[in-house]
Amino acid sequence: MTAVLETRHLNKTFGGLKATSDVSFKLERGARHALIGPNGAGKTTFINLLTGLIKPSSGDILLDGKPITGLKRESRVQRGLVRTFQINQLFGQLSVVESLALVIAERRGHGWNMFRGLSRLKGLDREIADLVSDFGLDTVAEDRCCDLPYGKQRLLEIAMAIALKPRVLLMDEPAAGVPEADRQEVLSRLAALPSDVSILLIEHDMDLVFTFASRISVLVSGALFAEGTSQEIAHDPRVKDVYLGGGHHD
Amino acid sequence: MLTLIFDGIAYGMLLFLLSCGLAVTLGLMNFINLAHGAFAMAGGYVTVLLTNRTGIPFLATLPVAFLATAAAGGILEKLLYKPMYEKSHLDQVLFSIGIVFMAVAGVDFLVGSQQQILNLPDFLKGRIEIAGIGIGIYRAFLIVVCGLLATMLQLINSRSRFGSQLRASVDDRRVARGVGIQVNRLFAITFAVGSGLAGLGGALGAEIISLDPTFPLKFMVYFLIVVSVGGTSSLVGPLLASLLLGLADVLGKYYMPSLGGFVIYIVLVAVLVLRPQGLLARGN
Amino acid sequence: MGPSQHRITRALGRTRRLSPLEVSFWLLAVAVWFFLPDYHLILNEIAGFAILALSLDLILGYAGMVSLGQAAMYGLGAYAAGLFSIHVTGEPISGLLVGAACGALLALLTGPLLLRGGDLTRLMVTLGVAAVVMEIANQASWLTGGADGLRGMEIQPLFGVFDFDIFGQTACAYSLVVLFALMLIARVLLSSPFGYSLRAIRDNPLRASAVGIPVHARLVTIYTVSGAYAGIAGALFAQTQQFVSLDALSFQKSADGLMILTIGGPGYLYGGALGALVYKLIQDELSNLTPQYWQFWIGLMLVAFVLIGRERPHRALAALTRRLKGKAERSKAKEDQA
Amino acid sequence: ADTVKVGVVIPLTGGFQSNGRQISAALKTFLATHGETAGGKKVEFIVKDDASAADNALRLSQELVTKDRVSILTGFGNTPAALSVAQLSKRAKIPQVIMVAATSSIMDASPYMLRVSWTVPQMANVIGQWAAKNGTKKFVSIVSDYGPGVDAEAWFDKALTASGGTVAEKLRVPLASPDFSPFLQKAADQKPDALFVFVPTGAGTSFMKQYVERGLDKSGIKVIAMADVTDDDLLNSMGDPALGAITGGPYSTSHDSPENKSFVDAFKKENNGMRPNMVAVAAYDALQLIYKTLDKTQGDATGDTFLAAAKGMTIDSPRGPIFIDPATRDIVQNIYMRKVERVNGELYNTEFETVEKVHDPAH
Amino acid sequence: MTDLLEIESLSAGYGRAVVLQKVSFTLAQGQAMALLGRNGVGKTTTLNSLIGLTRFHSGRVLLNGQDMSRLSPERRVEAGIGWVPQERGIFRSLTVEENITASARPGRWTLEAVYELFPRLKERRRNFGNQLSGGEQQMLSIGRALALNPKILLLDEPTEGLAPIIVEELLASIRRIVREEGLAAIIVEQHAQQILAMTERAVILDRGAVAHSGDSAALAADTETLGRFLGIGT
């Protein structure tokens, strides 16, 4: 297996704070990888660096072995590096269907098309219909995003990322705010993604992490603290100390 | 040269005085209050009419101008402005333009459209020489008043709980109420103070810039420039901006007269392109 | 096609279909032109403002960029059309295109200044740019006539046939047709993937970039299109008035455009036209009634309008459309059954 | 028809509203003194506010012509407004009687244009000649940076230089500038004998105040200005700083003639003691011209007839005798040199020298 | 002992829409209550209505026997309600410290006490609200509510985004605070079992109405009810 996404000695400081500290990390092709760590450990910051939302203080990011450190956000997306957000980021005034449609149009490279109606794109309706029913958004398909209940917003947040057909998917706490019953749904959607899609998941729900991820990295105070299979991490006493706490029996 | 710098500072202080009310209502309260000029005009008229028609000394009219416009602001806030806070910026623009139109026509109707000219007491007139620098007495007076005012306001805003409650309310009005901040009272007081400051600025500025019913429209752009260049959410920002603009304007006009009309706008665009939130911005 | 697929296609195509309300809007415009010649002049002015507001709507209503400097492109378009008629040819259509090109060019050059910052920042940067352009026009009086205005424009008859008469008959028809055409183009543009990406940027630029939309490039592009629209509005005005003054570049012009759009409602395509219609007619009527104090009543109306709720007329209109549509669909269903 | 309709397009709101205010006061006075008939017809005035914008002036004029069927247009508070309507007046053959606009060239824009106000060169030229003749040679000119300002600067310079003076520095102040300090400083640095100044009405006050505050009066630098700077309407409230300023212009409220006395009395009576300024007089004279011409044509207001009758018309105006030059349709009038003085506790522009029958030198 | 909080057939919603339909329950001092239900059933709306941020239609909300249903949110906070909104509602242009002190009321929960509960916040006290990690924001929101020194805490998904070790500590602390300081708490949670283990009472909402109300321990064992209304365990 080869690494699709890799960082080399990545650093980021905010004022005096080292939010990311010399992180050298590899995400293998097709991996189901989780990134965990205490609050404020720098997980979101790490994803922000990968997707170009913020610029690293030093270090490199490589996608398929090629450096993308200086690349614009949208170019990274066009290369298949897609993320979801910890706090929902939706297009408030657009409906669910419109949001998905425009994302798909963008993926297919129609973004600059100024003449063809969005509804006239071939196969768009089919693709949206599938997504909408997969994510249980049928009932609210024509509602504006800002009017959706929180849980549905959360699902749309993920659906929009999936609609981009990512090769590498970075997910920042996708299950937060989703009720237990629906978590399985989200999870099964993720599981159903093609096996060559690589996923990096940030999550505090350990049940989810352990069912989903085969590999886990632990970030503490900005630095990689431990890495291993889920079994190894679950039983690592140091990880229990800083993160899992005593209540977790696995 | 030194005289020029003095003039620049004095002009900057004048700009600050005229805009500091707006720095409160727009900057701190995030309310696009284009009617700021109407309050400033009201203050100016109070002072000019009182000094010229009733002979009350100029200095004594200043607190009157402040209180009268603050009261007017307070009343308007209760009657009209209150529902505006939660509306969009565009609503606020339209609303406050409506207020300006009414003020312009109202003053024209009540006082007439002719220019009003302030007559200063003798001790504020003229000019003294200190170490070879010619200093206009009134301009020096403006600098002093302005410095005091700026320090006071900034202390209140940054040091007191009032300031942080105000900023909290602006950030998220709903949550602020939900954690017990008395948003309505806070906004009412702040708006009244902002209006009062506008009035005071108008009163102090009446000597230098011409006062007639078109005042709120004529100088609107200047107020907005100061506040946007300074950055909202503090009062030091607008103060710095005023000084920068005042100096740039005076020096620019002196050394490059042909660019005179451009200077202030070039500074505006340059600052905002480099620092979109203005000179001083909180957070990011 | 499954039923939900069908529903989705319909939901997406909605903005592209002409509603009965729109059709009646244009029929009304045609009717006014034929039967109320006294309104030609003001209607011509209204159409000009409607285009200016439409140009603003493209950036504000659909891309969320607010501007107080639309007069820069408007005025440039006006001067360009004016100079073109003096120095090249008085043929109106080509003058219009020149105006559009100049407006677009200015927008393209200044658009990159608007990419950062919030509403206030954009308002002020655009205002600053417009002020600089106006000052340049004032200084270049050898070319523009400075504060006295540009003189000597002679516009040839439209298509060589329709002379621009003093009754505004040709002018009014010309402006309305241009408005109609620009409206159609805007409608197509806005229901395209490009148009939707603008709305996405308006609602959430962060997410827009995270789904691969090149936010800056899109914004500069729509700003350029908007500049072309504003340029056309200016050119149209110059041609129908056969005169350009610095007023075309003034803050007042930008502010009027923004105000009119806000009254009509940004993001509705017809907002600008409705706003221009309502505002200008009321203003005209009031200033006839009380030439000195009309501003007071306009101000009062604005205040009341905002207090009552700017969105109300739109809700009422939307409800009306829905009802009309419902009726149409029901009768169609009946036909299908028969 | 038995009525002649006259459209009055003036700025009652916006930046030039001070002109609109004087014009409407003059109109009121005129109607009170001259009634509503001329040439045997009833004269009806329709007043429109152009809000100080040329576009509006044009559209309103068009409507006045096409909808209200006016025969004569008058008013026009500034040059762009007058110019924007020129095409219309030319094509519709409507007499356009200018009450304020002062740029020379507007007369060329329409053969139906008549001017009863003044022109910028008319004043600037006289001021330049007078200054040089009276030994004030070295000048710094400060003008507002717009058409009329630039005109004034050029014509003053021309006249002064021709008579042996020099303009050491030409400064242009942005129209919207509330602060003159850098310009005054720069002017003072040149140590001229005097400043030549042209700023629009309102700005004159701030200018004079700052001139005194800066101590330029004490250092012996005189102000020699266009009449706009010491506007009669504002002069009294400008107070001491204005004292001693020398200006050249077509009219002063204190002009000593029976015509003026009765005009000023009537004007004050009709308008709560307001003082007429040169705009008021020009408006009043424009109305006089319209009435007198209608009398002459027996109420015929057709463009060509009206123009033919108006050309060469002389009027005993409150400002002195005026005459419409048949060749240029422009006004010929006396230009007075005046000095601000206190008379009976009030400030006036006291005339001390008269240059008679001044034509617009630009034509 | 009278109940601290009584809700009698409360109907409330947004604008014209009525979301809550005659919701009733009571809560005594020293008790914690779990508020459960699927997405969009009105859990948040219930808390919003208690703090006074929805449109009130009918019913009564009594705190200590005093009717609050028409009071403004400010007055309700004064009367003793502390609220942790679902979206945290951190003031972005205030520092961590200002976020806590701007609304704080005198009592046992001082700034220092909050810092003691969440040492992380102390480290970050000069950061502005928008410069915090998700979990830090959550801690801050809870800290801000505690600093109001309320009689009753309304916690809308307080554990979302917190590390397991912190969740454990936090729930234990809430448990302790409620018992020892005689507070009451309503906790909205997605993790039913975890929250049922630390509360006395539980209410399940379904489409804006109370579907089940009773003892937490009993509900934890009632897989049928849990399955029916929450979709778990079946």
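Order of writing sets the chain letters: A, B, C, D and E. Residues in each chain are counted from 1.
Rule of thumb we're sticking to: a residue touches a chain if its C-beta (ideal position, glycine included) is under 8 Å from a C-beta of that chain, and two chains touch if they have at least 3 such contacts.
Chain labels with UniProt names: A = ABC-type branched-subunit amino acid transport system ATPase component; B, C = Branched-chain amino acid transport system permease protein; E = Branched-chain amino acid transport system ATP-binding protein.
Note that the coordinates shown come from a computational prediction; the quantities given were computed from them, not determined experimentally.
Visitor: Starting at chain A, figure out the least number of steps needed to reach chain D through touching chains.
Guide: Steps on the shortest route: 2.
Visitor: Find out how few touching-chain steps suffice to connect chain C with chain E.
Guide: 2
Visitor: Which chain's C-alpha centroid is most distant from that of chain C?
Guide: Centre of mass proxy via C-alpha means gives E as farthest from chain C.
Visitor: Tell me which has more C-beta contacts between its two chains, A-E or B-E.
Guide: Between B-E and A-E, contacts are more numerous in A-E.
Visitor: Which chain has its C-alpha centre farthest away from the C-alpha centre of chain A?
Guide: So the chain farthest away from chain A turns out to be D.
Visitor: Could you grab the centroid distance between chain A and chain B? Build each centroid from C-alpha atoms only and quote it in angstrom.
Guide: Chain A and chain B have C-alpha centres separated by 48 Å.
Visitor: When the C-alpha atoms of chain B and chain D are each averaged to a single point, how far apart are the two points in Å?
Guide: About 35 Å separates the centre of chain B from that of chain D.
Visitor: Please report how many Å separate the Cα centroid of chain A from that of chain C, as a whole number.
Guide: Distance between chain centres: 41 Å.
Visitor: For chain D and chain E, what's the span in angstrom between their mean Cα positions?
Guide: 75
Visitor: Give me the residues of chain D that touch two or more other chains.
Guide: 13, 145, 174
Visitor: Two-or-more-chain contact residues of chain E, please, as numbers and ranges.
Guide: Where chain E meets two or more other chains at a single residue, that happens at 131.
Visitor: Tell me, which residues of chain A touch at least two other chains?
Guide: Not one residue in chain A touches at least two other chains.
Visitor: Considering every pair of chains, which are in touch?
Guide: A-C, A-E, B-C, B-D, B-E, C-D
Visitor: Quick check on the complex: what are the chain B residues that touch chain D?
Guide: 3-4, 7, 10-11, 14, 52, 104-105, 108, 112-117, 119, 125-127, 134, 136, 138-139, 207-210, 212-214, 218-219, 222, 249-254, 257-258, 260-261
Visitor: Touching residues of chain B toward chain C in the complex: what are they?
Guide: 26, 32, 80, 83-84, 87, 89-91, 93-95, 97-106, 108-109, 221, 224-225, 227-229, 232, 258, 261-262, 265-266, 268-269, 272-273, 276-278
Visitor: Spell out the residues on chain E that touch chain B in their complex, using ranges where they run on.
Guide: 51-53, 72-74, 77-78, 82-83, 85, 89, 91-94, 98-99, 101-103, 105, 128-131, 144-145, 148
Visitor: Enumerate the contact residues on chain E facing chain A in the complex.
Guide: Residue positions touching the partner: 38-40, 44, 86-87, 120, 124, 131-136, 138-139, 157, 160-169, 190-192, 230-232.
Visitor: Where on chain A is chain E touching in the complex?
Guide: Where chain A meets chain E, its residues are 14, 36-45, 86-87, 149-152, 173, 176-182, 204, 206, 242-248.
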